[in-house]
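Input: structures, listed below.
Shared chain: chain A. Partners: chain B in the first complex, chain C in the second.
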Partner chain A sequence: MSRALQRREDVAGYLFMLPSLIFFVGFVIIPMFICIFTSLTSSNMNDTAMFGSFVGLENFAKLFHDEVFQKGLINTFIIVLVSVPTVCAFSLWVASAIYKLNNVALSAFRCIFYLPVVTGSVAVTVVWRWMYDNYTGILNTLLSSVGLIEKNINWLGDPKTALGCIIVILFTTSVGQPIVLYVSALGNVDTTLIEAAEVDGATDMQVFWQVKWPQMMPTTLYILVITTINSFQCFALIQLLTQGGPNHATDTVMYYIYYTAFKLTEQAGHFGYANAMGVVLAIFIGLMSAVQFRLAKEK
Partner chain B sequence: MINESGRKKAYKVFSIIVLAILAFLFLFPLYWIVTGAFKPSADIYNTKPIWWPTEWVTRNFDNLFIKRTAPLWELAVPFGRWFSAEHKDIFFSVGPVVPAAFRWLVNTVFMAVVAMLLTCLTAAMAGYALAKKRFRGRAIVFSLIVCAMALPKQVILIPLLKEVAALRMYDNLWAVIFPTVGWPFGVFLMKQFSESIPGEILEAARVDGSSELGTFTTIVLPMVKPGIGALAIFTFINSWNDYFMQLVMLPSGNNNTIALGISTLQNDTTVDMGLLMAGAALAAIPIIIVFLIFQKYFTQGITMGAVKG
Partner chain C sequence: MKMKKIVAAALAMAMALSLAACGGQSGGQSGSGGGAGGASSSTPPAQSGSPTPSGASEITLWTYPIGDWGKEAEVKALTDAFTADTGIAVKVEYLDYTAGDDRVNTAITAEGTPDLIMEGPERLVANWGANGHLVDLSDLFDDEDIAQINEVNEGVMKACTHTSGAIYEYPLVMTAHCMAINKTAFEQADALQYLDLENHTWTTENFIKAVEAVYGEFGGTVGAVFCAGQGGDQGTRALVNNLYGGTFTNAEHTQYLWNDPNNVKALELLAGMDGIEFDPSLDGGKEITAFYQGILKMAFCWNIAQQLNPNSADTGAEKTISGEDIVFMSFPSETGKSQLCGGIWGFGIFDNGDQARIDASKQFIQWMCDSEHTADAVKTARYFAVRNTAGGADISKVWADDPIMGEYTKLMPYLGDYYQVTTGWAAARTEWWNMLQEVGTGSDIATVLAAHEAAANAAAG
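So, the complex of A and B:
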């Protein structure tokens, strides 16, 4: 490319990028650096300065002794380990069951499974809160009217059931996107390969696992990554339903970050500490994504 | 052979039945919101399940609209911060006093529409540049965007709060709008759509003496229209529902969105489930209607954002 032409491309390229870059750098890249930097300081909400005094790795050292944080980390991993495989398997099954239906039925099912996402976390949460309610919730009234339980279960108030209840709601709001993605991936599988396999006498199961599944690997990988990120960030449900309780049974890292930054009484607004947790969480998510990439590549 | 096809048929029937049950379960919360919003309190607090309201009442909506009021909109006095004692903006209310829930809706629609317009405009331009302009540093910018997308968005919210406070946008709808626009998914999506524009057409326009901006508006924009549609609906719904961002950025309650407003109804000491369901219906129904109208674009957007990633 000639020099003048390259110059023209440079100028035009950056001018077209400019509006977007202003927002991207200003509201994503800069906060990211603030996050890393403040995690090394004692910054808090009432500081007039942007950053507090530099404390090195003190915030990170404190995390090792913080039992609530560790409990939150364990709960977060439970949520991720339960919801990621179930969401993937469920959406794969639903997608394979609906992708050959006629257009109207296909769109209808796709919409229905996507509805909890569109409804929004607040509206979804308040209705589930009612359904789980100890006295007037449909779950208890239904189960006791058919005689399955004798005493009402306090679903969200019992440490044994609370986390499970959260995972169920998270599940219903997570499967929409994977189903859409799997349906389109199944529709894009090379039909000549399927026909060749069928001529060779392969069963449906064999066609699915030997022909379709390998071709859908990029989609599966993408779904794994987004579902993992979503599950790690499970926040709204917890903030609205249980606020980490009962007895920290539903604390997650994301909720504890919020709690430390805005709610914790003795060290209210401790942004430095909250951001240290944010950095740790980001590292965990990065590691999980890297592992998933590796596994998918090997296959 | 007959056995084989019989099994296939049985499986098909089985899967349709399971799907129908699942569809029912997924629709049930929504059904429960809508019927709950119109149930009298005797139905709501009944210990037997009441599947269908014994009587349709609007009491819950009346409560929602009468209980709290707010001015329809407020304006900040220009430079008012410099004259007030606490260096805070001075507001004066204009417009009629309306139910607070109505104000929440106005705020939410304003926020979602502005975020959508800004995102579509900036992302369409940037996506085109990334796909079709061979400027130096393009690879670096693109990999930065991909890396940022893999990052948890909510982790940067608290540092973002500090920055927004420094920019004096805290507790203001712009504090929610600008970070939404900055999120790079839109650029990524528009790059995917712009890749399909044939280079020859752009080259021909250049030879014909069309300006860069002219090429963009007359050739590129019409060709990436489906992408813009997908991005618009995607941004609109996400920004409508981004509860965590709104919670962090709009703490005072003066600029409540519908999601925040409903969550405050929940924080009252005695929870009125009927009132909550009315609020939930008010938040969910408009966005569901928007989704159903534009769902074709939506599906396309989700798919394009994922493949070739």
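So, the complex of A and C:
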């Protein structure tokens, strides 16, 4: 291909990319820089100027003394550390069990597991709220009817149970996509390698871990990264169910960012402070993702 | 190849244009509020023959659910009549108390505020007005207006006026927030003897006895000190402050003073009572629902609008879902004479820099709050008028034919200090319900109260 032709191909390619690039730059890159810059200012809702005054790293220093932020950070990590492995393990288990089924059954299972993903989070939350209800919830009714509890459990109102309840909901809404992806990945595993391993006397477990698992590693990496990011950014469930309570037991960094930015509007520099939290959260997400990439690469 | 480039260039152009369209509004249109998604509008065309407006032909109103001001059909009847009279169309968006503040705060940040907003002094005066987002409405009041409002309640104009002297809310209606009991359940538990049903009052001592009796009869949770969020938090504040005469702020509304031994005593009482639960899974709205369903036997978040239409369910006034009787009550206090939290609702105008729209908005306010149409606006709110005369018309008897409203006026003398205008209110009320959550988990009450009061005062500056 001549250089002129190559250049024309390149230009056409870039032009095709341009529409999404415009959106990416406009709605991701530029806001990202605005966020970083704002985190260094005392910006707030009532400033006439867009960015308030420059305060350097003051907002970041303040974070180290903010007990609610620290509690939110711990809760966020608990959610990530519990949710990510369980989602991956469960979806891998389900996918392994269903990927060999006939098309109709497979599609039915895909639909069932994907349903919570496509259902609006508000609808999902309302249903779970009914189930968790302290007075009339089905969970309490069920447990008391079989004699497991004497007094109703205030699932979302008790600091001991609230975060667990959130994680359970997050789990149900997160497993759909990984299951679909794993089913697809398992279906694409090279069968000749499996047959060869079986001929060589490999057990089912050996086939899975030595043959299938390495071939699914790119899918696993994608699932790990996406689930980690989603777990770090857990917000809607908190906002709709507990608003960070009780006693900050379900506060997450994402919710605290929202709360600081849009609820504490009378507080000086609340936009700057919220953005500082956003930057810290992004750093943690970036670090976790980098670690996951690194480990997957080594594997 | 050429075609590919053209297609790509066209796509890029379309994207760029759509991005540009997402950008800021032009100066002339700023503040129309039209950019807000999900707007439910009522914008009837001006009727032929109606007077031609001298300035803006359309204004926008955002309203919180203040009685039937949260219902499109009722509000549309009012705005249609206003449009017919003035030729100014009104585009209305209905906010709720869960996400309404976020909508307004986002609009302020994005310079997309509406022309008019309907709410109370804690938002209009203490927040948006104090921060320079609203227009001073002083020119809408003459001495006679102020005298008429003061005649009904002297606290109203004080609450609507900022410390700078600017008036950021033109008041339309007011009420006293109260609590309610399930009369049928109380009767069954032989607890009605502890209530003064004639005056709708009771003492702290009788409150304790009544809860004991109802708990003895039904078990479970008689009343819930709800603390999931700020919704309906006036109820828990009034309950705690009244039981032993505790305070919430100082008289000047410059400092929060809820770390009061009387409040500690009240919280200790509530935390130790069988039948009273601190419930962080409920806010005011959900507490009302649980009360309406008969699960709770008393509700601390109540007012006349609920008494007329419990849980907004349209299943009959003064009745639970199963037809049990509801009686509104003042909060218990040692003397039986409580200080009730008030609600004062009216209109504010966002300063969008367009004088024509500001003038049209002022015209709207006068039409609703100081004219022969005020009676309809008050009835739509389902609360009490802040004045007896409006635009020369007598509106003192607007509820004369309604026995429930008539009975409720017995609580109006107990309307207490409107402390919700204290600086840092948004942060302070968050501290309050977080404090209740901590009390509910068994933390030391005095320590928790002190810590959260300090945080509230820090926010107040």
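Just so it is clear, the second predicted complex is superposed on the first by the 274 of 299 C-alpha atoms of A that agree within 3 Å, B and C clash if a C-alpha of one lies under 4 Å from a C-alpha of the other, contacts with A are read in each partner's own complex, and residues count from 1 in each chain.
Note that in this section contacts are C-beta pairs under 8 Å (C-beta built on N, C-alpha and C of every residue); 3 or more make two chains touch, one makes a residue touch a chain.
In this text the structure is predicted, and so the values were computed from the model without any measurement.
Chemist: Which partner does A:121 contact after superposing on A: first (chain B), second (chain C), both, neither?
Modeler: A:121 contacts chain B only, not chain C.
Chemist: Between chain B (first) and chain C (second), which, if any, makes contact with A:135: first, second, both or neither?
Modeler: Both partners.
Chemist: Which holds for A:19: it touches chain B only (first), chain C only (second), both, or neither?
Modeler: In the superposition, A:19 contacts both chain B and chain C.
Chemist: Could you say whether A:184 touches chain B, chain C, both of them, or neither, answering first, second, both or neither?
Modeler: Touch partner of A:184: chain B, not chain C.
Chemist: Please work out whether A:154 is in contact with chain B alone, chain C alone, both, or neither, and reply first, second, both or neither.
Modeler: Only chain C; A:154 stays clear of chain B.
Chemist: Now for A:195: first (chain B), second (chain C), both, or neither, which partner does it touch?
Modeler: Neither: A:195 stays clear of chain B and chain C.
Chemist: Of the two partners chain B and chain C, which one touches more residues belonging to chain A?
Modeler: Ranking chain B and chain C by residues of chain A touched puts B first.
Chemist: Who does A:257 touch here: chain B (first), chain C (second), both, or neither?
Modeler: first
Chemist: Once the two structures are superposed, pull the chain A residues common to the chain B and chain C interfaces.
Modeler: 9, 12, 15-16, 19-20, 23, 26, 133, 135-136, 262
Chemist: Name, in rising order, each residue of chain C that touches chain A in their complex.
Modeler: 1, 4-5, 8-9, 11-12, 14-16, 19, 22, 101-102, 105-106, 108-109, 127, 131-133, 220-221, 227-229, 277, 279-282, 290, 293, 295-296, 423-427, 430, 433-434, 437-438, 440-441, 459
Chemist: Quick one: which bits of chain B touch chain A in the complex? Just the residue numbers, please.
Modeler: 8, 15-16, 18-19, 22-23, 26-27, 29-30, 32-33, 36, 44-49, 118, 121-123, 125-126, 128-130, 133-136, 138, 141, 144-145, 148, 150-156, 158-160, 162-163, 166, 178-179, 181-184, 187, 212, 216, 237, 240-241, 243-244, 247-248, 259, 262-263, 266, 273, 276-277, 279-281, 283-284, 287-288, 291-292, 295, 299, 302-303, 306-307, 309
Chemist: Quick one: in the complex, what on chain A touches chain C?
Modeler: 8-9, 11-12, 15-16, 18-20, 22-23, 26, 45-46, 132-136, 154-157, 159, 242-243, 245-248, 262-267
Chemist: How about chain A: which of its residues touch chain B in the complex?
Modeler: Contact set of chain A toward chain B: 1, 6, 9-10, 12-17, 19-21, 23-32, 34-35, 38, 43, 50, 94, 97-98, 107, 109-124, 126-131, 133, 135-136, 138, 141-142, 145, 172, 177, 180-181, 184, 204, 218-219, 222, 225, 229, 232-233, 235-236, 239-240, 254, 257-258, 261-262, 271, 274-275, 278-279, 281-282, 285-286, 289.
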